[in-house]
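Following this line, the structures themselves.
Next come two complexes built around chain A: one with chain B, the other with chain C.
Moving on, here comes the complex of A and B:
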């Protein structure tokens, strides 16, 4: 009998891990999508991507908290602001330094730190919470799931599908794809590459805005929240291959699953003789899996880091 | 004058100025310049690897953390004395550098930089998970001070005639300790960078394939640069823990410091070592200057309007300035001066 009970417990935990990871991975895929696209099309690693998400999250929170907008308009505002930010960052900064990848990295990282500093100045370092679209929770079999997370899951997939449709069906989407495949070739057949870049930065900003909104209502807001999404994006790009949408989604599910496995597994408290302890697994291990995957790939297969060889 | 002599002269002048102004500095600025000297050591350490070979590391603070936490925790929990903790910390940093350099050698350009960015982030996670030992984000006090009372007491009798109180004495001790460190590291790295090894490292930056084709083992030199860089930065980290008498998360693992090392070197001139040293002073001194200005009072109104808004904006302004410098002064201070110098000399010769 006790064995059956233990089995039952294990089953409940396994079920919870599966459901949670399916939900959060969709959001992770959305988080990485804009980052992957900019990298795939322009070979630019945008280290300010996480900061985009943070700007989206804070815009929505500000509109709701201080301007007393309803959540839908706040969401729309966040997307608009992030789109504009993408365009401004490209034209004001990245366009001028794009030729040197190192300067681009330093400049975009400096931008992320600047945004962090601005948020510290205006909103302090306190943790804030964003109201969910729908409050409450639902039961799926034996697992309790917060309703808003299901909405985030749905919205993420909707955004990903729309993006996919845009890239493969719409004229400008095909233009982006062509530029990603061969820049010079695209320029030769009369595509305005500068315009394509502007468009990719705008789309990337918009996607980050959506992702930021849901990321904030999933976790919380603070001036350091840009780091985790950036690491997640980077890990997904490394695992999933350069600029590949399908690869990104598979990688997002892999990393999301590892992440949930680490955070929602029963944690073990390891203590030394002097009663100093640390948690093995559990909530303090958020983000560790992405880092571990990255470091493992670095050591095992660094030459295959970005999939496609050129 | 050969390049090596010129660099030694410039280094010598800087070091003499830094040493000579020490006694005349007000207490606040003495602390600032003490940390500026430490930071100059970090910047020079970064420069010998990234500036010389062109492999830009974003995560050099990782080596500071490895060495600093090793030294600090060994001292806190196992009560190891300073002469044991510092060498152990440095060896751990070198070990980490070697371990990391082997797979990192296969990465080129931005991929290398990105991967280095991950290391301090991973280390930060570890420090927070093990917060019971490391003190997490708050840090942990109680590390043995670098300038111990016994040492100060012996000097006090000598210096009491010069009317220096014990707090000042303590400051002097730390200041000149880092002055010696900076001088030693500066001399060593300028020598190394202008030696045959330095030329090979620079050649690797310009054209790796050509160096390889000349029959030189590129990997060997890169690994060597990694080890030297990690040891220099690690030495600074381990000693800073003993000066602060604590392991501080913010001074051992801040992402900002990692970026500031790059900025210092870029401002001063990448790959010039002396330039990185100047950059270190400019960065830390500049930060303090903005903070000082923030405390000025404008003679407006009865009470005088304090520029306190500047205090909140100090870091922001600083980063914005750095971004501007990164755009317009990418060449760096030292190469700029040397260019002017050469131009002048050319004019004189022609005239």
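Moving on, here comes the complex of A and C:
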């Protein structure tokens, strides 16, 4: 029965789209988490966030490749290095320019470019691969999934849940939330706002280290890999509502789903008379989808899905 | 020894001298009234004490220690709290959470101290309880501060300030914008704080409102101290009476 066969094919593809988007979206949410936190608490758009992820990825790769550390130690080192990087960037740069959002944007972008150049110098522009925690793949119903991606999915959700618990249950989480709502008010109940910022930059760095490790093992390492995570973070945070954790997760799933959908959607080829052809939709449009959503949201609901008008 | 001592404090904004060589002090357990017409520099004095503004010159001493250039949080933790004229609450935290955040010890590496008893105590002292079936137990209100009437917001401000365990409480126009009934409630509350031994500096432009509450008054006019003394002495002072008339009856 050809019709049944076609239906079956459609189901297989639909299942694949759902499973893949559920997995990648969790990683996207983790990628955006540190970025949204820094914005939510300090009103700083950290354009070096993608570069943080890249530093995490290269640190793990370096520890594995050159120091011959095992993967777990390499992962831990990546998290530690990114945490320190967060603190250093805050105290060395952001703290001094924070009053001006434009200067902060330019300064953090310059940082990202600086890190890109340093990685080019030390590790060349060659693409590198980061060994996964677990190799091989598993079958989920009729879909083949790389095992490491399931690990990344689990790790992402674990990090998100721990973060949520910290912010809502722990004493210092409450202090961070209070500072996010009103910095002057926080100082007036005795909260050292600088210390809170230091802590948020450290946490943001640590989250970027974790995200960078899994992002690199999902895709690859090269000195330009910071751009995608930054664009993803930016899109997620704007779509979800700047500073909203819940919004970030919903937006991560929306963007992740659209990206995977785009990968599997058939492309439409339009050719001009001179045989120059353009492709619409399809896998080459993966990166475009998140940016289109971003622009659409800015038109319809500029404060984001879960954003607050301030 | 004076709890707070302000010496030759000066602050100008551009060409405008907001506070001019002001000196005064507050004794422990005293209520000092700082009065003057609008624009006399009262709120600026509070901002200088709290480290929100930095003085051009002069010094501020708290318990004998100079605090002139300390950051706000450090001044709060040393024992000074300020209640604002316009409520400065955290808008998306409940009344309980707003009070709780002031009661949380603000050091990363301290032993975890449960802020609940202090929070409840602050709510109780300021009348922000909603009573459960057990009449004697206070439960802090759980609604968002935006739901409270003006008087309730003023209570919340007081509760948040008390939560930081202040030795000195700065009250900035605590009666502004309140109804007659609410003015009575808040002045009753301030009187009860005074009876508990709380040192307070009370700013108001209305002298009548503070006469009954304060031990001593400092009168400011255009950033300068024009009189100081007991409420009766100040009321009899001709310079004050003149400023009264010139200032449109403060």
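The rule we apply is simple: the second predicted complex is superposed on the first by the 278 of 310 C-alpha atoms of A that agree within 3 Å, B and C clash if a C-alpha of one lies under 4 Å from a C-alpha of the other, contacts with A are read in each partner's own complex, and residues count from 1 in each chain.
The definition used in the following text is that contacts are C-beta pairs under 8 Å (C-beta built on N, C-alpha and C of every residue); 3 or more make two chains touch, one makes a residue touch a chain.
None of these values were measured; they are calculated from a predicted model.
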{"item": "First, second, both or neither for A:138, with chain B first and chain C second", "value": "neither"}
{"item": "Which of chain B and chain C A:121 touches, first, second, both or neither", "value": "first"}
{"item": "Contacts of A:182 with chain B and chain C, given as first, second, both or neither", "value": "second"}
{"item": "Chain B versus chain C as contact partner of A:172, first or second or both or neither", "value": "second"}
{"item": "Between chain B and chain C, more extensive residue contact with chain A", "value": "B"}
{"item": "First (chain B), second (chain C), both or neither touched by A:191", "value": "second"}
{"item": "Partner chain in contact with A:102 - chain B first, chain C second, else both or neither", "value": "first"}
{"item": "Touching partner for A:276 - first (chain B), second (chain C), both, neither", "value": "first"}
{"item": "First (chain B), second (chain C), both or neither touched by A:113", "value": "first"}
{"item": "Contact set on chain B toward chain A in their complex", "value": "56, 58, 103-104, 106-107, 109-111, 113-115, 117-118, 121-122, 125, 128-133, 255-256, 259, 262, 312-313, 315-316, 319-320, 322-323, 326-327, 330"}
{"item": "Complex contact set, residues of chain A against chain B", "value": "45, 47, 96-97, 101-107, 109-111, 113-114, 117-118, 121, 227, 231, 234, 276-279, 284-285, 287-288, 291, 294-295, 298-299, 302-303, 305-306"}
{"item": "Complex interface listing, chain A residues touching chain C", "value": "171-172, 174-175, 177-178, 181-182, 184-193, 195, 199"}
{"item": "Chain A-touching residues of chain C, taken from the complex the two chains share", "value": "50, 52, 71-74, 76-77, 81-82, 88-93, 97, 100-102, 104-106, 108, 112, 115, 160, 163-164"}
